[in-house]
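Step one of this worksheet: look at the structure below.
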Amino acid sequence: MTDIILSVKNLKKYFEPHQSFAQSIAGGGQKKLIKAIDGISFDIRRGEIFGLIGESGSGKTTTGKLVMKLLEPTSGQIFFNGEDVTHLGKEKLKEYRRKVQMIFQDPYASMNPRFKIKDVLEEPLIIHKVRATIEERTKMIVKALEEVKLTPPDEFMGRWPHMLSGGQRQRVATARTLILNPMMLVADEPVSMIDLSTRAEILHMMRDVQKELGLSYLYITHDLSTARYFTDRIAVMYLGRIVEIGRADDIIDNPLHPYTQALIEAVPEPVTGKIDIIKELPIYGEIPSPANIPKGCRFHTRCPYAADACKDEPEPELTLDGEEHYHACRRAYEVQAERKKKQAV
Amino acid sequence: MHMNSLLKVENLQMHYFTSKGAVRAIDDISFELRRGETIGLVGESGCGKTSLGTSILRMPTPPGRYVSGKILVDGVDVIPLPEKEVRRNIRWQKISMVFQGAMNCLTPVYTIGRQMMETLNEHSDLPRSDAEDLIREYLGYVGLPPEIVQRYPHELSGGMKQRAVIATALFLKPEIVILDEPTTALDVIVQAQIINLLKKLKKQFSLSFIFITHDLALEAEISDRLCVMYAGKIVEMGSNAQIYGAQGPKHPYTERLLGATPRLFKKVEQLQFIPGTPPDLIAPPKGCRFSPRCDKAFDRCFQEEPPLIEIEPGHRSSCWLHQRG
Amino acid sequence: MNFADMKYRLSEFWSEFKKERSGLVGLAILILSLLVVIFEPVILPWKEANSKWRNIDYWQDNSASAPPAWTNAFTKLKAPETVRLEKAEKEEAELDGGVKLVTYTFDYHYGADKAPLDVIFHITGHGDVPVQVSVERPDGTTLDLAQRFEQGLAGQDIRISLDNDGREAAFSFIKNYESAEALERYSGRSLRTGDILFNVAREGMAMEFKPLKGTYKLVVKAMLLDPENSSVENPYVVVTGSVSGILGTDDSKRDLFSGLVAGLKWALLIGLLTSAISVLIGVIYGIISAYFGGAVDSVMQFVYQIVNSMPVLPVLIVISAIFKPSIYMLIAVMVLFFWTGSVMTVRSMALQIKEETYIEAAKALGAKKSRIIFKHMVPILIPYSFASMALSVPSAIVYESSVSLLGLGDATIVTWGQILHDAMQGAAILKGIWWWILPPGLLIAIMGMTFAFLGFSMDKILHPKLKTR
């Protein structure tokens, strides 16, 4: 079990909706809980890039925040390095945050606009009281900047965040996490706001750093196509549950859950001959509110394959199907057959 | 003039006059939009594609001003027209626009219906009851139930808001709709749904689209022809088949951009990217503007600006490589 | 934050501030005021106006309720201005018996149409010193007006007022020109010395004043009976006119210009100190309230609302009446109420900043609450607080003036409000002493406006900056 760095066990996070005083009287104290995360379990192996895929509202960002301990879970457990980190005291939490770092989606908002790059990178050192002298700190900042290939470092240190491009900022954000020598990074859509032309460059940089330093990543994204290149394994989330989990290639080449299929079908491909075709998506409508999760399989309201059992019977659990490939669909075989038929045509 | 030509942009130059100098956001751009056609404007952020969109709508963002060139709508140059005339006959009547992030700019304190009504009132004198009917009708066209008018923006999903914004752009039966990154903030599934909707609406109302995005993969789904922009200029222009077909694009920039577009089903070891950043448009580099980032650049590229020349029927590209043989 | 960053931000701020006309006017007045405060020792006509404002002796050579000197420009008969003569010609002579005679001669150029009210000689003496004063008029006549013999002096000031001490001599002077019958009508006391001294010598001079213009030699002679042990120094003469200084005098003979200049620094101090402390408290209070939220927020908002709904002036008046507070106490009490001014705005801004990703990023890095508040939130709200500070300066000044106006101010300093209070007590309005009321009133208004201008301009520039992207 030592090769597992992070283990999440049946994690749940329910939010209480904001209610006015009048509403709480009228509602008689009955509140509809928002079930953002509704019992998820996964393991991240040492040195692995683990992708968490889902639409907005699927709970992927909440999962990231729970792992980062920016939110307290309603129930369930998180183990880091074999140690239970679900509830931590002040000192332990600080120690944990030194080992687990986060890169945020919006590189424009994740840095205080009044901090220079040097100040941004110095902050973790100050917080964790690493290295006393300014010279030593500066040395570490220079090293971190070189690691993310922002050269010459001296030049970047004196700049303001607004003077950098999105890609450069995301490099700084990465450098900020690396400076404390973490063991794991949580990256929440790190490239979604960056120009396509440089997106790959950032991903390469992140992967180089990962290989070099032996890091593990929890990579949260809605973009399957970058996930395929970047991650080793993928978990697909829908409405607070993991519906499919497996190796990146398996998930994309052989999706077993209809939701994963829909996600894959929806991705545009830069090939010609599609202008006059209206894409047939194997999915209906839009994602329901997490305050109103459908009974039975939570995907059945949108699923073209749904049978009566999907509506009435309890939600299917993740089941193993193939090597390291789990799915939560009781009609997976029918789904697969249907899809193969369609592909053949 | 071509009979089917709906909009013709001729040698348009639009610069932003800032305290640091003139930013040449649109620098000598010409293209033609035919009836029933979708033209894709694609390029990195800051290449001038949004500026081109607002310029065509004759509302360049200050401090932007037209420097030269013409924008011919039905053969009439709209640049010298008085603002009143543009508002009465062109903007929203002939050309409308779905602005980037418009769905997130809806006022949170007003209902969707009220905000749609405001746009309608601004551009037409329709009586109130007729306007309400019109709103309901168009909500139907974009696949939204009529009750939506009483909802507030925060009660709707991103996809629903974007549908409402698209409905608003269609009210006055424009012939041209400029769509600026209409799906950027949306999830893939919703994005695919919106693209489907746009295709349907285009046929239903015989519209012509100018589809602006940074995503080449998305353009492949919808655009008949593509204009690839780089640093305020069009570097390549061709049909969907010419750009995405077996032969592939001709300009190194388009080539690299396509290479950087991740493909779900084509497994490659390394994703490509374009190193460096786009140039400063106050003082663009001498010669070809892409030359500092181009791995195929040779002496001439750094000296002279390449012209946009036709390399095969309907396919233009501005690169010295084409003339090198 | 280092100096270069500061400079960058300041230059950025300045380039926008330059476009605000009212702000520039405010800034100009503020700079002018600061210059006046810095150069106060040079500017003050009465150097000890600060410490001796309530000392009657210090002001006794002035005339009471004298209008400003420049009012002469609007009157037909020019009134003489109060002047202080310090340049004297000194002569020393050895007399028989080892006695030394020291003579100081002052030149006074008289050109007004009305007689000065008084001529007052001052000299500092040591030991036993007989002093005699005389005046040589432009027509050549010399009047020995008064003498005094002071003994056992140890550096005291000998003051000889001709109006008091020279009346006898002056009366005997007109005897040379007026008939006995005419003199009968004047009992020596009812004629002022000045009316005789500066009159053209003629019959009927007691009846009518006709100015004898020209240079008067004012002579003071001191006899040093024992030159070893006695001496005189520092002679000066004050010719008390009926107009005085730049802004005239009040009914206690105090020079109002000196009072107003001395009061400027207190106005600035009260305004700036009160607003600076209260805004600082308000900003931190608002941020803490927003950042911690929940119960902390509720309690803090409750306290805020209680303080905010208390009327400031009545409480201030009651406290001042009971404790007779010093100026610093008064500032402290004002701070107690003024801090609420910026709380609500800061709280709502802080609520917004709290949700920014970079705050979450700092949390994820393990930053403590205090670091997030003071390193990330306070610096962003500081510029706003400058604007709100400038805006609360006027009310601080006005409140102090109000308390002073009621006679409850700090009695050890001069403030504009106190001058106004004195004017009210002295029935200045009834007596038409406008120069006692208008200048302090206007200054309070201008100072308030200055900071309001500054505040509004800064608010306009700094506020949108909060949208940090």
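Think of it as A, B and C in the order they're written, each chain with its own count starting at 1.
Just so it is clear, a residue touches a chain if its C-beta (ideal position, glycine included) is under 8 Å from a C-beta of that chain, and two chains touch if they have at least 3 such contacts.
On a predicted model such as this, the values are computed, not experimentally measured, just so you know.
Engineer: So which chain is the furthest away from chain A, centre to centre on CA atoms?
Structural biologist: It is C.
Engineer: If you tally the C-beta contacts, which comes out ahead, A-B or A-C?
Structural biologist: A-B
Engineer: State, to the nearest whole Å, the distance from the C-alpha centre of chain A to the C-alpha centre of chain C.
Structural biologist: So the centre of chain A lies 69 Å away from the centre of chain C.
Engineer: Nearest whole angstrom, what separates the Cα centre of chain A from the Cα centre of chain B?
Structural biologist: Averaging C-alpha atoms per chain gives centres 31 Å apart.
Engineer: Note the residues in chain A that touch 2 or more other chains, in rising order.
Structural biologist: none
Engineer: In the complex, go through chain B and note every residue touching chain A.
Structural biologist: 38, 44-45, 157-160, 187-193, 195-196, 199-200, 214-224, 240-241, 243-245, 256-258, 260-265, 267-268, 270-275, 277
Engineer: Can you list the residues on chain C that touch chain A in the complex?
Structural biologist: Those residues of chain C that touch chain A are 1, 5, 356-358, 360-368, 371, 375-376, 379-380, 468-469.
Engineer: With touch defined as at the start, can you tell me which chain A residues reach chain B in the complex?
Structural biologist: Touching chain B from chain A are residues 55-56, 165-167, 195-201, 203-204, 222-226, 228-229, 249, 252, 262-276, 278-279, 281, 283, 286-287.
Engineer: What residues of chain A sit close enough to touch chain C in their complex?
Structural biologist: 68, 70, 93-94, 97-98, 101-102, 104-106, 108-114, 116, 123-124, 127-128, 173, 176, 180
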